[in-house]
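What follows is a set of structures to go through.
What follows is chain A paired twice: with chain B in the first complex and chain C in the second.
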Partner chain A sequence: MSDALLTIRDLRIEGRSDETWMPIIKGVNLDLRRGEVLGLIGESGAGKSTLGLAAMGYTRDGVRISGGSVTFDGIDLVNASADDKRNLLGKRIAYVAQSAAASFNPAHKIIDQHTEGPVQHDVMRRDESELDAVELYRRLRLPTPDEIGFRYPHQVSGGQLQRAMTAMAMSCRPDLIIFDEPTTALDVTTQIEVLSAIRDIVEQFNTAAIYITHDLAVVAQMADRIKVLLRGEEVEEADTRTMLDTPKEDYTRSLWAVRAYERPAKPAILKKDTPVISVSGITASYGTTKVLEDVSFDIHEGRTVAVVGESGSGKSTAARCITGLLPPILGEIKFRGEVLPPNYRKRTRSQLREIQMIYQIADTALNPRKTVGDIIGRPIQFYGGLRGRAKRKRVEELLDQIEMPASEYFDRLPSELSGGQKQRIGIARALAAEPSFIICDEVTSALDQLVAEGILRLLARLQDELSLSYMFITHDLATVRAIADEVVVMKNGRVVEQGAKSEMFRPPHHPYTDLLLASVPEMDPDWLSKLLEERGREDIGDAGMEKMD
Partner chain B sequence: MILAYLLIGFLGLLFLGWALRAAGRGLIGSPYFRDMGLSVAFGYMLAVALVALLAWGYWLSRFAPPEIAPRYFFLRIAIEGLVLFALAGWLFRALGRTLGTAGSRKVFRAMPVTAAFGILVILLYAIVAIFAPLLAPYGQDQVLATANVVPGGDPALGGNPDFPLGTDQIGRDILSRLIFGAQNTVGFAFVTTCLAFLLGGTLGFLAAVLGGWLDQLLSRFVDVLMAIPSLIFALLLMAIASAWAGSERWLLTLYMVVIIAVIDSTRVYRLSRAVGQNIVVMDYIEAAKLRGEGLGYLIFKEILPNAYAPLLAEFGLRFCFVFLTIAALSFLGVGIQPPLADWGTMVRDLAAFINYAAFAPQAASPPLLAAGAIALLTVAVNFVVDWMLYSSSGLKE
Partner chain C sequence: MGTVAKIIAQRLGLGILTLFIVSIVIFTAVNMLPGDFAESILGQGATPEAVAAIRRDLGLDQSPVSRYFDWLGGAVRGDFGSSFAQANFASFTGSDSGSGLTSVAQQIAPRFANTMFLASVAAIIAVPLSLTLGVLAALFRNSVFDRVVNIATLSSISSPEFFLAYVLILVFAVLNPWLPSLSNIYEGMSFPERLEKTLLPALTLTLVVTAHMMRMTRAAIINLLASPYIEMARLKGLSPMRVILRHALPNALAPIVNVVALNLAYLITGVVVVEVVFVYPGIGQLFVDSVKIRDIPVVQACCLIFAAAYILLNLTADILSILSNPRLRHPR
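On to the complex of A and B.
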């Protein structure tokens, strides 16, 4: 193989924890040819990012390469000197991080950061590099490519910033780019723009790429080959099509199967039933900006209403109105037919108890200084007045319900739990109040697919056992398909469309619902190409412009 | 001329650094030397040069002829002190690792020497402060027969074995006054700092949680207080307080504690409000609010445990500042009232002796004893706080 660009042989990487070295990567091989895109998938903790960084000869602090070799175009990266690496990184190997917003320096204009690489590496002069940046911005279909570089990072949207970062990685025309989950933090509609832009530019310059993600459908669009990682070991590797059609290993198959989870439909709602929560005609604003306008929907007992829309559509604001954190200007919220005071401070303790919330990011939803027992025990004591042994017993029951043995987890701190376990503790805390209605705010979007599926199944089971009602805020339509009974689609603070799930996934739709539905990546490797053909290029550029407002 | 010497020294060290790196590359060939920048190599050589210089100074202080040796007396004390303290800290840690319960042994095992030293010093100060009347050979206000006895207890140099650290200008035993000073200065500073934290911390968190007009009101009030130069403000208030206190001296000391606590609580308020605001936006605070929790629970059970680290760091620093403010006020005559011994006052009273430093170091040391007592405690507190910060931030990972 004369055109091999990157060769990794039996790579072993260790990370230090509590004075001992624990293996992170346990002997992985990897081959990448020029112009080839390799998809790297696996759950968090599988070592995807560590492997991606090691492909640049770099390890994070407290992590070391303990064996094996990384060869980039004949250069041994493991033993290369700091000077040699400095000449390679940024020039011949570039890196695109997950959060462009966190990776750009907010104090400098985008183009100043863009031109730094080429100028430092003596690839271009500053003025040449600026012209080149504009050209790259144009190719990445950024709106107003002549001006956008002269803005500061906070002045452009997340999707645009991610493309600007890709342009920056391209600035020296590298042979290899590592993409570390570049679209994970973006909305589905934005994700498409970024994906197609990345794919085109990688093709145009014949750049090789390692594309790290946990989203199978995304990797299916981007990669020529896919490698599946599990706990630092390779599960299998094959061409994208082969991998999607005939996965060999059970683990890969289980990843594929996650997307198929769907709850059986429930019988239709009887008209005479009083809904558990009834939102009628609420309008709310932050200061003078209106964020919700005339929003109405009902949530019935034992049912799940999914509220969908991209960020900024008012989904979470609606939840804040229901909980009373943001009293609406107009309209009212009823709980079992009884009007709730708009401000949570005016609500009685039992009204507060009935409405509970589960948050998107379990890390910030659990007090890092409290043990699991304290976190779950507090609502029990606060609402139920249980103390001592009775409280402990109830906590243990709840831990049982979320499938986490009390003997093991009772005294743990949140930092000693995995992401999925933290989310389960969040669920247990909500259950501890014995509510009849729970708001789930993007509860699965920060989790891996397998873990997310576990959470969804748990929520579904709890709903059946306790006849809970859920308001399920999400931007992921696969989640909607899995768990919802009814769907409310929101855009710019208004309800665009609502109805039973079975109706929603069947045409005709409101054009926005259509756009949302069509933007959800499918497992078909040709999906993105087909979609782009249908929509036409101009359209996507416009969508980018619109987001700026 | 001096510039030329500096330049030669700099270039020489740079060359030595380069040589070190070249030698390291040639002989050992480890990646560490390969990737070493010239500036790092220069830093190593600079450190070596400084250590050599100190060693030479120490040698002079011990073996040089008597007309030169006294110049290096304080250097000798500093080096010997440093070695002694490091040794004491190390021994203390070794002791902690072998004695005590399994839990305490684990704490000591993960402890750096600096923290062990800090804990040892704080413990010693606490013991001295508590048992001062038993430990001190004389009373703090007891005027003895001989004034201006030189420390060291060596009659040849004007000392007296009865007064190992000498006596001051009016013949009070300096050792006894230092011991009582621990009680007065450290005790008052500690109480004042605690009071400042109680006040500033509570109000700061309250402002962070409630926001709105209360936050505005408190913050603007604090801004006004902070706008006035703190020492002048304290002086002004002390002047008023002394009028109120009349002849009751203990009352004046109480006023001093309250006044310094209020002035310093503005800084604590600022910090705890800023820290609190970062914590208040967390979802677990929102969850607690929606549960219907009261303010007290929010502040003391949800926010405070997450604010320990920055508050502790501030406590160490604030304690030292309070200490110095008390010393400054005492210096100006409105702080801790004579005849109570106070380190700040002692430094001021004995300051004149420093003029003898060049030729009779023993005679010059009395003001430095009190200053050293302040410095040692300050350093010890900060060592301990640093370690606590480090271990508490490690918990988060």
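On to the complex of A and C.
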């Protein structure tokens, strides 16, 4: 039996945009042996997912394979008939998608979706497959493996669903699994559980895998070999340790370097200074559910306070209280020593002007039918009362500040901009109000590392020039390290620890801060194994660190 | 189930409120019709005294507000009053017996039953037909089949009902005498006979409502085909038919159910033209006749029944689409 499982030669894939076919994958080769895990890494738009799907002989609508070959265990997947491919998919090649919540059908129980593959492919009977599912859930260390399958997807948390999806991929014992960013949407603490569960089960069944991600530290834990992609072409490929220790290409090195960005520390805050924003003792709830309890922190002029925590910890709710969108039940919010009305409707225009927001998803935060000039011009007119030529001049200045020349971008629509550019427009719109305080809600989480770094550098420069204060909401500790002056750690609606960044990254910590810090993947390929050893195996699976969210 | 029960109770309450508001609108509109029953029945030779007598007899001289509440109070108890046309006018004929009065309810009941029969036959043909066509069109989208179905249903919905009716009569009654062109059904008719006479109008209605339901089924399914869970189903190697029936359709139910309900309501309330063409003794004909002679109690009762049918069917659709959402059926 040949050792090669998957062979891709000079694969070319094109995608249609406006009647013309544009290349997405430009001649990539790939070899995978049985039981081997290959990491596929690159920014979004590098063609990772397209390549991963092509390894299954599958292309999305509007995408076609225009050349080259994909051979799986001697079968030519490019020219195979639809029926032949269907016989392989799910049975011998399985797929684990990025968002398990979106990829499980909301209308059916998890177990029904699990057993569907084995039953349809005549691998197992329904009852056999059900027993097998429970066994897989147990091996993947899901809590209550006997029952969890009998729930609907919305009744199970994100991290658990992602493991249930891995179990589903395993249901027919495939030879190859494509993991497409399986932990990108998860919190760091949850990510560890999913990573270790995936790694173990792939080892136990000696399944080959292609692990797609944009996170180098994650791929370092999972893969035997790493292939770096850039705009549809291979940059380099090497085994994991060689790749991490001695990357050959400049591009690969630049991916490594992003993590090194860090702002110099600022002088200590003077006690007598009045903070720009002072949150004291706020408690807030949605309906009857309490989501914030007795939260207090200060933000001083020209400083960045990073608010970190997992999803559901109350970070964004705190921001909603500050902006007045969600009036708190108790406590007060002061702006430069002056108490703000809890509800934004009661605030004066100048109070509103001082506090602006930048959102996580620039795509949905910008009106798709307005041009860049209109989007930025609107707050200029609303708050500054400028019109006509004066307004246009101000928009041009702002575009200058965000390094997007007005001559080129003034009349563009959001759809004609890249993700990073859209986020810059979001920044310019916030600046247009001339605020002294800006809330940045996960502004870089949807962006690639290099683009994100550009945004962080821009925000840092604007802060220095305009002495802005930032509240930087994030779950990414690398971002915290890069930009924060002070850090507030939140969990379950409470502040568990706060202080200067230099203190936060030095022990001793609150146990939860410790857990967060320790959960951030590191480039060391042995990091996960060491961590799991330290924590003790039994501690990981049912530690109850996951909550329903 | 607490939340579902609450939502359903809310919808029911809203439905009743809507019906109440509609009853006001109906009453006002009907009373704003030009002319009145007394004048139209007495014709050109009407003396003011005779007109006044009939008006007094029928209570038309009362204030509109008190008449509305009388009517509403009766309607709630199922009593829609007496038909003017069938009334035995004591003051007019000289005899004082009021025993010959036919109640509106008695008059409407058989007609309404006929209409429901026609609507049911049409629905039993049209709903499964359009769902099947919709699913198949989604499965073979952009194929010849899809296009033919789309064009055929669109042309049938775009043609006036009476035209479709006459084409069907021409084909199935005149050129090929398979079915009767008149649907004069009456009480005591056997079921097969009734069915035979109802088939042509039912087919006409089917042609009218199929396009809407079929196109919504197709669109609702195709809308979901880009979702990640459909891609997942395909990547599990399932057959295209299974992907659509098991993975897309259950999530597309809400919009489909709504359109089906809307069309069912149309089958009950929008059949006037078809009834006239086939001389089918349904409620639509009665309604038109009563408007002509200003028989206000009958007109009002018909309107209220139509409104109730609309509200009830939409309410059912609402509730069904709420129930089709597993997040509501199975809260955490």
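Quick note on the criterion: the second predicted complex is superposed on the first by the 542 of 549 C-alpha atoms of A that agree within 3 Å, B and C clash if a C-alpha of one lies under 4 Å from a C-alpha of the other, contacts with A are read in each partner's own complex, and residues count from 1 in each chain.
Methods note: a contact is a pair of C-beta atoms (placed from the backbone, for glycine too) under 8 Å apart; a residue touches a chain by one contact, two chains touch by 3 or more.
From a predicted model like this one, the values you see are computed outputs, not experimental measurements.
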item: Fit or clash between chain C and chain B when superposed on chain A; value: clash
item: Which superposed partner A:61 touches (first chain B, second chain C, both, neither); value: second
item: Chain B versus chain C as contact partner of A:325, first or second or both or neither; value: first
item: Which superposed partner A:86 touches (first chain B, second chain C, both, neither); value: second
item: Touched partner set for A:163, first chain B, second chain C, both or neither; value: neither
item: Which of chain B and chain C A:48 touches, first, second, both or neither; value: neither
item: First (chain B), second (chain C), both or neither touched by A:95; value: second
item: Touched partner set for A:214, first chain B, second chain C, both or neither; value: neither
item: Which superposed partner A:106 touches (first chain B, second chain C, both, neither); value: second
item: Contacts of A:422 with chain B and chain C, given as first, second, both or neither; value: neither
item: Chain C collision site on chain B, chosen from 187-195, 223-231 or 349-357, when both complexes are overlaid on chain A; value: 223-231
item: Interface residues of chain A shared between complexes with chain B and chain C; value: none
item: Of chain A, residues touching chain B in the complex; value: 79, 81-83, 323-325, 344, 347, 349, 352, 355-357, 359, 361, 364-370, 378-379, 382-383, 413, 415, 429, 433
item: Parts of chain C lying in touch with chain A, wherever the complex brings them together; value: 226-229, 231-239, 242, 246-247, 250-251, 326-327, 330, 332
item: Touching residues (chain side chain A, partner chain C) in the complex; value: 53, 56, 58, 60-61, 85-91, 94-95, 97, 99, 102-108, 116-117, 120-121, 151-152, 154-155, 168, 548
item: Chain B to chain A touching residues, read off their complex; value: 31, 34-35, 282-284, 286-287, 289-293, 302, 305-306, 395-397
